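We call the chains A, B, C, D and E, going by the order they appear; numbering starts again at 1 in every chain.
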Amino acid sequence: MDAALIPEGAKRCSFPKFMLGIAIVGAVLLWGVYAMLLCWFKGLNQTNMNDYYGFALWIWADLAVIAVGGGAFFTGLLKYIFKIDELKNIINFAVIIGFICYSSALLILAIDIGQPLRGWFIFWHANVHSMLTEVAFCLSCYFAVLTIEFIPNILENRQLNKVPFFHHLAHNMHGTMAIFAATGAFLSFFHQGSLGGVAGVLYGRPFAVREGLLIWPWTFFLFTWSAAAFGPCFTLLVTRITEAVTGKKLVKDNVIHLLAKISGWMIFTYIIAKIIDTIYWANVTVPGLGYELSHFYTGNSLYGYWILVTEIIICGVIPGLLLINKSTRENPNLRLLAIILGVIGVCLNRWVMVLQVMAVPVMSFDTWALYIPSWQEVATTILPVAYGIILIAVTYRYLPVFPQELELNQSKAQES
Amino acid sequence: MIQDKKAHKFGMVIDLDKCTGCGSCTVSCMAENNIPFKEDESDKKDSLTWMRVYKLTNGKPFPETQTAYLPRPCQHCGGKGDHGHSPCVSVCPATATDYGYDTGIVSQIYTRCFGCRYCMAACPYHARYFNWWDPVWPEGMEKYLSPNVSPRMRGVVEKCSFCYHRYQLAREQAYFDETDEIPEDAYQTACTTACPAGAIIFGDLNNPSHKIHQIVKPDPHPDPLNHDVVGKSRNPKVFRLLERLGTNPKVYYMSEREWVRKLGDSYLEGEWDKVKNHHGAASHD
Amino acid sequence: MFPFIFEWVWDIGHMLFFGGFWYAIGILGAGMTYCIAKAAYDTVKESQDSRH
Amino acid sequence: MKVDRRSFLGLGLGAVAGIAISPVGAKLTDDSSIWTQNWPWTPVPPDGKITYGQSVCTLCPGTCGISVRKIGGRPVKIEGQDTYPVNNGGACLHGIAGLQYLYDPCRVKTPLKKNNGRFEPISWEEAITLVAGRLGKLRKNQNPEALACITDTNLGSVPGLFSHFMAAFGSPNHVFMQTLESWLTQTAQTLHGPGHTLGFDLENADFILSFGAGIIEGWGSPVACFKANSGRRQRGGKLYQIEPRLSSTAAGADKWIPIHPGTEADLAMAMCGILLQENLFDPEFAAGFRGGLNRFNAMVQQKYPVEQVAAITGISAADIKKTAIAFAKAKMPVAVPGKGRGDGAQSLKEFAAIHTLNCLTGNINKKGGTFVKPVPEYLAFPDPVQDAVARDGAAKEKLAGSAPELVTKIHQSDAPVVDTLFVYNANPCYTLNDPIQTSAAFEKIPFVVNFTAFMDETAMASDVILPISTFLERFEDVPSKAGFAGLVVGLARPVVDPVFDTRSPGDVLIHLAKTLGGTMGESFDWPDYKTCLKSLVPGIWNDLYKKGYAVVSQGPPAGRMETNFAFLAENPPTIQPQGDADLILVPIDNMRVASTAPASSPFAIKTVSDRVIKNTDMFVEINPKTANGLKDGGFVTLTTPAGSAKVRLNFNEGIMPGVIGMVKGLGHRFDNRYVAGKGVNVHELISPVIEPGSGLDAAFGVKASISKA
Amino acid sequence: MSEIENKTEHGSMDGAKESAAEDPKNDTGLGLGVIFFILAFLICFLSGWLLFPKLLYSKHEQPFNFDHALHVQETGDCESCHFLREDGTFSGIPKTESCLDCHTDEPMGETEDEAIFAAEYVAKQREVPWYVYAKQPDCVYFSHAAHIKAAGMDCVTCHGHIGESTSSRPYEENRLTGYSRDIWGNNIWGITKNPWDSMKMDDCAVCHEEETGHKGYCFQCHK
């Protein structure tokens, strides 16, 4: 039925089967959209946020998708600036994942603010001293970059590519992509960092506050670093899932191994920095303000030392080591374990830096603020996931996302 | 010149020994500033009260228990080094809140705020409140609303303004009388005038003739141990909340009771005994 | 965002921040303009070539 | 030429491009954001000229002067009146929230008549005719005493007009709610003879021995007490607070002495014994002791030995002695009775024993002491004109001495003892102990006429509601009361025209009397209430009208005072809490909750702690030691002989083990979603116990048990 | 060259061939498309600039005509009617009561407008619901005293020559925002020739910066 749109030579499931899948995920999407509309029309009272807990579940999701979406800029940086050419085989997919993550992030931000119609004030009346301003500017600019990076891939659709102008446009954009990628890397560095800065500059919140360099607290650099480190993990994870769902090998192992290795070293170096940061914070920053470390991890039913150990050791040091070591990296199961742990680790880090910050009491007579999200929040947080699945399904079906797909599957067909 | 020649620094000192926790300040504030109310206000984390009264306890068992009340308006922080970079002001992405260098008051534009709530996250005092709901009054009750304070719409953050509209009115009077002086009693916040126990004193910390200046005796020099902290009180009974974070609030508290003063900040074990009698004090003058 | 807006101040912070911003916007804008123009040129050229 | 896809594409692109380079996009983006700044459903208060109106708050017996800020004639804010001699600036939260009462959704907006259990609006003419018809029949049947009347107090011209009405009508059955003032009057009458009441010069006293009086929790005239308390700290005066719970007063006191609830009288008796034994009483003042001081002394030494009282009260004998001696040796000591706000259920024995301490020190009618002063008599009511029916009726025996006694009588008797009941400014179906029984008693009364501004529990149990104006809409003289040292009469004045179709209660009574005609009309020969008031206060009207208040007496009353020990020497029995459970439930007075009529405002309810009310659940305070494995915040069933309620526990180290504290003034059952339906009315768990000596309800608490719900 | 690019190169050849084959039909379609494009562009462009501003504002006539020039002539100045109160607040539009200080002749009705005033407002004891051209939104705090007394400004500086008008022009209100068109929108280009052409925050800021050296803090002009 839609055969004319499918990349030449590629095998895809039947159209009804495809539509059935889309419909199922679409239902989830609609549920999310309904919740989103509730939040827009009735206001944020639809959530369980409160004056103590002004940031909530979806802000965590926002930070997490941006972190894992960091694979796009980092892979782009490696491919176009550092000219690691093997990565061309995964760059399209990394860009699509990044596009999904960033468009979701912007959508979440649009839902999150109390006055969506005034959202543009953040640009118009910008306060350049606010980390959030930096986030908003760089985030939207970088989203533009991702769109630019995504366009050639769309134009490579069999039908679109027949239009000469589109064909030439795609070609020319490929040619200039290094400039866009460089700009994207520049923007990403700042917005990933400023997201870290968002928490780090809160000097009224001893749990979040960090010292730093010039106007940027250390979390600024840690966030950029961690996004670069764990972003590729997420790209690899989604690639693995896509391979599992489609039942095809889509990217050659050498590419996977290369990206995993780079990710591993990034994680490893990041986690050393994170450990130093944590030790300094726990032994110098916090006691200087009159708090003991135990203040932040005891006296409540959720946040214990476990979260610190899980984030840093289990989901930081372990995946780092697994990916650095050649034998474990090239073992598919251990590699999968490592990238899953890595993705959990970075998401957990974002959780800690947003939600635990809100939960910790600061005044001596305050109490822990724990928080259970409402269904509207859960639905709007799942919305991007459903949207991402649909977009991946559609792009995979109609666009030549994986350059090695034909080759890998032809040979497989020949072998069998 | 339209601007006042000398910068004010309006502040407040609250005598926690006089405070009875009666709630007059809270209600006076709500009535003065058109603060709405809902059917259920028992979720205190979702209840708009610019002036909130916290209950403190010394944590000891019966019959050694002691309690006190601590009213908490917006602290109108001067920020690190008292340069005006209050925790909330510096983070607002849309410049919807700023620091008035002429008054020391953290001011804001509700109609500019687009509700990102970053300022609420930044404020360790929970002094900022979000309008989760449309403000709705029972039919006819909106007739008592004051035109001097604009009712806020759903989706924006609000907080105590030190009754800035009263300052505006006092200034109008001064303009009319063609004088530069605003007498101490011409500008007082609604909570101050309401307090039946006389526990709240409001005035200009920069003006040595004002009562607050005489009680607080603010140290004009930075704390030698922490240069971010400016304006520490030289009165050993006076303290500020979370002083060590460097937020430099303009709301001071006063108590004879040591355990109350200790609750003003966090201290490591044994630290309090070293600092309790060491008050920014002796360092200068 | 623009110099005619209330909040704009000609200080180092604004110059760095918006300098970076307009620089990025400039590159993206110029890059895209180039690509589109070049694509249009190529298309026209190609169709002319094919006719000849 | 064929219109195809590309034509439409051209059309669309053209439209988009055309709009894009027109101002539409930018303008709409801007305008839509401005729209969010001016949402039509967010009110915009109109501006105008700022003026101030002065009045007196009548929400509680505190009688504070208030200043009402108006903008364009619209009242927008109530504040304390700086020059008013009771509060001298400052106001309590209830007064400041006064405008919420003006526009309360529960205001009765027009006269109402109950028809088959539902209220229908009627006109004022219909309402007056209806009530007059009923009353006319009573008089025609020579049965005027079947009209009874409950008012909050007996002070002031409006309760006075009700008394006047009752007298002219021919009924002796005008009874009052239990206020601090009524207990103080009873006490003064018992110890010093009729026509007296007590005032406390807390402003100057240097040692306040409070037997649970919530000096900073609404006792007496709250703002005056707050000020006195603040002043005390500056003067270096001492406050010893004796009560089972660390109230705010106790927390701010120099010493908190926890005591077993209900044993305050025993403690006071023991302290009297110590003072007498140690010869620490004032010999000069003792010259005026009558009625058996020796008998009293012998009785207390025998019945209230310190060791025994120490066991009863839970206070060590040493502490009792030390406190008594410190009290007696102070220069200006004052012992203050009246637990909590001092209203509701108290005990005459307790009041008398505590006041005897004052008498023994001799710090009576001196600066910084207790004032035994005449009951305010500034009103010059003419004698009512009575016909034969009225004379006969008025001479009949009074059914009851107080509102709770009347209600208990009605409840207990099968025959209808009261045919018609007037209720003014009181909510007995909520504030009396066992309000369910009170409502049942009201059901038995064929015709209840309620003069009220609000549709409260009692209004709902009434047959005709005559909506009255609030203190912001009408004139009324407001005498200071409730232990206030001097006598200041204030004038409540209309600061705004009545918001609804309401009238001044005085006007309604005059209208009603005139409709009844005959001697009733003659007794109420005033054109309106304002004229009536002016004629009742000839001496002070000018002050009232010009200044807004008149200071009738200030400083200590003159003259020697005799003290009669006859009542206490008999050692009247102490009322014991009913029931036989292990724990004892006591009501707590919380400043932020109004416990009588009218109910709290939405603002006041908003300030109530989430450890008192959460959602609609009521918390009770309990010492963790008493909890017996139950959890903080957990639900329990609280059971007393009067009933049971599902409540949540609030662990409080500041309450004596074995005691359960429940805040008074919640659990309203009328239709106001901001105020009512929250928590439990503690009175529903306590049954009234009429104290033989006073005729008042003395059930201060009740035995209770808790079990996991 | 990468595999992708190879492939796209290849693909483009197909495309070029196909489009060439459809040439004749394409041309008419494209021609019509261009015409439609131009047509739609012009309509939308012109309505955006000309029609849209008209649609955006609703016009209201004042309750009756008010002759400022005549009143100024009679009273001599603006302050007789628009004065500062003793407390420094600004009285704004006079209340009916103030009008009756001068309009004492009985019966009133020398002019048609006075007759309306007498019959509709004086007799019924109502205030005239004037539309205020210079009405600022509720969030704005404006001190006339600061500008008149402290800065010594006159009325004309901001309000223009309204005192010379003999008739009340219709009040125009933005349907979406409720703003008076005088606050912002008299010129869709945003060009202002006179101070009274626009009274948005930026307009205030220009003068404030010149006169006081600072644009001001939020609460200086907001409430």
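Keep in mind that, in the parts below, a residue touches a chain if its C-beta (ideal position, glycine included) is under 8 Å from a C-beta of that chain, and two chains touch if they have at least 3 such contacts.
Everything quoted here is computed from the prediction, not taken from an experiment.
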*Check every other chain and keep only those touching both chain A and chain E; list them.*
B, C, D
*Pair exhibiting more inter-chain C-beta contacts, A-B or A-D*: A-B
*Which chain lies the greatest distance away from chain E when centres are computed from Cα atoms alone?*
D
_Centre to centre, using CA atoms, which chain is the farthest one from chain B?_
C
*So which chain ends up closest to the centre of the protein, judged by Cα positions averaged per chain?*
B
*For chain A and chain C, let me know how many angstrom lie between their CA-based centres, rounded off.*
27
*Between chain C and chain E, what is the gap in Å from one C-alpha centre to the other?*
35
*For chain B and chain E, let me know how many angstrom lie between their CA-based centres, rounded off.*
38
*Could you please state the distance in Å, as a whole number, between where the Cα atoms of chain D are centred and where those of chain E are centred?*
55
*What are the residues of chain C that contact at least two other chains?*
5-7, 46-47
*Contacts with two or more other chains, residues of chain A listed in rising order*: 115, 118, 121, 124-127, 129, 133, 164, 168, 171
*So which stretches of chain D touch two or more other chains?*
32, 35-37, 44-45, 47, 50
*What residues on chain E touch chain C, complex-wise?*
16, 20, 201-202, 205, 215
_chain B - residues contacting chain E, complex_ = 1-3, 96-103, 105, 107-112, 147-151, 161, 164-165, 168-169, 171-178
*chain C-facing residues of chain A, complex*: 123-129, 133-134, 137, 141, 144-145, 148, 164-166, 168-169, 171-173, 175-176, 179-180, 183, 186-187, 190
_Per the contact definition, I'd like the list of chain D residues that touch chain E in the complex._
1-19, 21-24, 27-28, 31-32, 34-35, 37-38, 40, 44-45, 47, 49-50
*Where on chain E is chain D touching in the complex?*
28-49, 52-53, 56, 85, 87, 89, 91-92, 137-139, 174, 176-179, 188-189
